[in-house]
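Same chain, two partners: chain A is paired with chain B first, then with chain C.
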Partner chain A sequence: MGGRLSRLRAVAANTFRETVRERVLYNLVFFAILMTLSGLLLGQLSIRQDEKIIKDIGLAAMDLFGLLIAVFIGVGLVSKEIERRSLYPLLAKPITRGEFYLGKFAGLVFTLLVNLAVMTAGLYLTLLATGRRLDPGLLAAVYPIFLGLVLVVAFAMLFSTLTSSALASIFTVGVVVAGRFTDVVRNMREVAPGVPSWLVETLYLALPNFRNFDFKDRVAYGDPVSPSILAWATVYGAAYVAVVLALGLASFRSRDFQ
Partner chain B sequence: MTWRLALLLALLGPVIPWSQSRIDRRAGAFRSQEEVLYLWSGTQVKRLFPGFEGLLADIYWLRTVQYFGGQRLFAREKRFELLRPLIEISTELDPRLEIAYRYGAIFLSEAPPAGAGRPREGIEVLEKGTRHLPSSWRLRQDLGFFQFIYLHDAQGAAKTLEEAARIPGAAFWLRTMAADLLAKGGERASSRRMWQQMYDQGEEGIIKENARVRLQILDSRDAADRLAALVKEVEDRTGRRPQRLAELREGGLWAGPLADAAGVPFGYDVSTGRVTIALESPMWRPE
Partner chain C sequence: MQDTATPLVVRGLSKAYRVGHVLQSLRPVLQDLDLDVRPGEVLGYVGPNGAGKTTTLKLLTGLLRADRGQAWVFGLPLADRRWRHRVGYLPEHPYLYDYLTPAEYLDYVGRLFGLAASRRRERSRELLALVGLERSAEQPMRRFSKGMVQRAALAQALVNDPELLILDEPMSGLDPLGRRLVRNLILDLRKTGKTVLFSTHILSDAEALCDRVAVLRAGRLVKVGALGEILRLEVAHMEVFAAGLGPDASGLENARREQVGDRTRLEVEERSLGRMIAAVEAAGGRVLSVQPVRQSLEDYFFQAMEGRASGEGTWGEG
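This part shows the complex of A and B:
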């Protein structure tokens, strides 16, 4: 067990180092911080909405750029190793496919965690620079954003085991967009009454509901987010991530790399 | 090779600001941008960017403020035709954006050139605001004020102010102001009280500035009325109507300025004895 964990940790640490070296990551983080800082300027133009605008921009930057990092680095985690043929010598070593796959996942999740921490610090610094209160409530929006990004990484990795990087990116973005439209799915019968209700309900429950991880608006207005809803979002996210990871792992295990 | 590149940069770099200044000189210092709204409904925008409604509401609100400012200050023909759709999109994206209802209503209601001159639309915006934010007494107070000031609907305004007074945390004077409106109807004094309240409550910015100008307009109208009364008094006493307002001052009857709060001389119609705020004055508004 200890050996398995240390191998997994080694893959994760290596993935973290690898992703940190990616130029795309630096670009995205740079733009995210730039976007957060732009809140300083835009807030001035908004007529008494500066604090809300700084928070909105900062949280949206975390969500959007985190999503881009999760998708574009996530789909490359496994597929790059296959394309570069660096996977073969790795799998010849005493490391299982499961350890490799989960290690890759954990490495990118850690990268996203570090990125979110940097962006959150940037947002707090921006608020501090404008003489605003350091609102700890912001973390009630940052944490669910992180949960959502973890799920995106799981999907990106699942698709990357099934198809090419380009298609995997498109599918992952498609799932995220569909997951943000779950309310439309639920109300589908209003526009198409012929659709059976069981189908609507199944679709609604099966699609990952990314709205469950979106508390940005509430937090920007200083509304409290109850710990119970955050706990349920965690349960939902963890369960979904586990299912998608299991599917990805099954797909990765079944692939023939001969 | 490097020195050639450096030379090229040194030669061509200054051309950019130089040519820009030439373009600006030909196009006028402030070129109003070609304003187009590609999406006319907040629902469409929401559907395009799920999960980013708050940010988009901010962006549309910023665009509203910039559009209004740009039209008011720089446009030759002040049309404000995109103002209402921009406010609608901002508030559909974020129905809790109170500032958009309050400022949006002012932008729409103020008479040109200060605003779009469409007070009914301003009131509709405030009504929408009160539906989305039923616990905001300020929005309901603004609605009452606008009903009285722009529509001269004392009954409706009093009813709205009564409703505002019932909201927890509402200002204590709302109820008395509602009663005053019902008792005195469309007096200028009620108007003055409303603008004074807006001025006292408002933080530095457009609402406060607008209220300040409105109070100055009322002062100017009061001064014009007093001057007209003096003209009538002189005419009744001497049988001759003054030919110039300055005669009142020369006769020691009027010690104040003969101009409105903006420094523009009052208009004086010798044939009727009417004293008015001059049309060209920034203090002029339709009565």
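This part shows the complex of A and C:
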């Protein structure tokens, strides 16, 4: 068990080191902070709405750039391992494919956590610069964003084991977009009555509802988010991540590396 | 129960790849491979491109799943991962993480083997010196030439001080210095009692290093055995190099004759050698060298690939 954990940690640490050495990642975090800072300017143009606008823009930047980072590292790092064959020497070592896959996932999740922490710090500093108090309520929006991004990484890894990096990126973004508009999927039959109800039902149930991780508006308006809602989002996210990870693991384990 | 002292036993290993997109079919790449690798030997796995060498090594290291057959490493089935602590593997055309330095990479590999930090540092220093990369230890591998990457990849295969080393085309991409380094390394490993299984299409390497060779053709094992068993070791003919012979020199009619620059190369039967040397001197020439020529692995290989090598049909486990 100790050996298993130490191998998993080794892969996770190396994955984190890889992302830290990626310049593109720094660019994305830089743009996210820049976008947050632009809230300062927009805030000055509005009357008594500056705090809300800064929070709005800051959280939206976190969500958007977090998504880009999740897709970029989730697809990039796993596909690259397969396409460049860098995992060949490693999979001949005592590490199992499952340990490698989960280690990779843990490393990517830690990278997301660090990136979100940096972006959150950027948002708080922006608020401080305008003389606002440090509102811990913001974390009630940041935490679900993190949960959603962890799910995005799980999907990106799953698709990376099944197809090329280009297609994996398209599929991942497709799932996120569809997952943000699950209501449209549910009401699809009203627009297109020919679509079989079982297909609509299956799609609606299979697609994760990414709106369950979206509390940006509520937090920006200062509405409280109860712990029970956050707990529900955690359970929902964890269940989905577990299923998607299990599918990815099964695919990665059965794959031939020709 | 398999013999735990035998590094590798393979029985009936088979693999086919799916080809085509719409109408898929199965193309067999390895068929019913039976092979034993004995303790302390260097076994060369030779065959042309596409013969199934890399597929075999990938099946053994778990990168591919076999359709049929089984293999045991030190008596343990492939699915049992304990044997991996005793084996090193160098893939063909290795790609290592280019954002890491070789020292960092070896440290990472050492962690996968559960080595303590002090042992990892020590091993990394030893191995980088062994493969001649000690001066590049802290340089990112993205700046490495192909040969340097191959050396670093060889080092990673040795991190756990393996008893069995599986090398897929280890000389690939190396300059003459690198090739000599790998050759010496394999010979040193043999001296210390390690077992080496390496695939190659460079027959001179196999001839120089191997105790036995296994010849693979179109996914089937053609022959396994010591070089002496496989090759005809009797002298095929004598090769004589002479200087100062005119084009119409007499007494050389029984020899195959070829002009190489200002020298003449003569191919004669062993029993005619004395008469031939006398004839060269009588014609005013000077003998520069005399050399017996035996069948080389290369000669054998080309004959085997054409299905002409002696004994075909009865070839099997040597």
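Here, the second predicted complex is superposed on the first by the 243 of 258 C-alpha atoms of A that agree within 3 Å, B and C clash if a C-alpha of one lies under 4 Å from a C-alpha of the other, contacts with A are read in each partner's own complex, and residues count from 1 in each chain.
Methods note: a contact is a pair of C-beta atoms (placed from the backbone, for glycine too) under 8 Å apart; a residue touches a chain by one contact, two chains touch by 3 or more.
Just so we're clear, the structure is a prediction, and the values are computed from it rather than from any experiment.
Engineer: With everything superposed onto chain A, say whether chain B and chain C fit together or clash.
Structural biologist: fit
Engineer: Considering only touches as defined above, state whether A:220 meets chain B (first), chain C (second), both or neither.
Structural biologist: Only chain B is touched by A:220; chain C is not.
Engineer: Quick check for you: in the superposed arrangement, does A:180 touch first (chain B), second (chain C), both or neither?
Structural biologist: First partner only.
Engineer: Applying the touch criterion given at the start, work out whether A:86 contacts chain B, chain C, both or neither, answering first, second, both or neither.
Structural biologist: second
Engineer: Regarding the shared-chain residue A:211, is it in contact with chain B (first), chain C (second), both, or neither?
Structural biologist: The answer is first: A:211 touches chain B but not chain C.
Engineer: Looking at the overlay, what does A:191 touch: chain B (first), chain C (second), both, or neither?
Structural biologist: neither
Engineer: Tell me, in angstrom, the smallest C-alpha to C-alpha distance between chain B and chain C in the overlaid model?
Structural biologist: Comparing every C-alpha of chain B with every C-alpha of chain C, the smallest gap is 26 Å.
Engineer: Overlap of the chain B and chain C footprints on chain A, residue-wise?
Structural biologist: none
Engineer: Write out the stretch or stretches of chain C touching chain A in their complex.
Structural biologist: Answer in residue numbers: 17, 58, 61-65, 81-82, 84-85, 87, 89-91, 93-97, 99-100, 104, 108-109, 111-114, 153, 156-157, 166.
Engineer: List the residues on chain B that touch chain A in their complex, please.
Structural biologist: 47, 50-55, 57-58, 61-62, 65-66, 94, 96-97, 99, 103, 203, 205-206
Engineer: Help me check something: in the complex, which residues belonging to chain A touch chain B?
Structural biologist: Residues 42, 45-49, 52-53, 56-57, 59-60, 63-64, 177, 180-181, 184, 210-211, 214, 216-217, 220-221.
Engineer: Given the complex with chain C, which residues does chain A contribute to the contact?
Structural biologist: 3, 6-7, 10, 14, 17-18, 21-22, 84-86, 88-96, 254, 256-258
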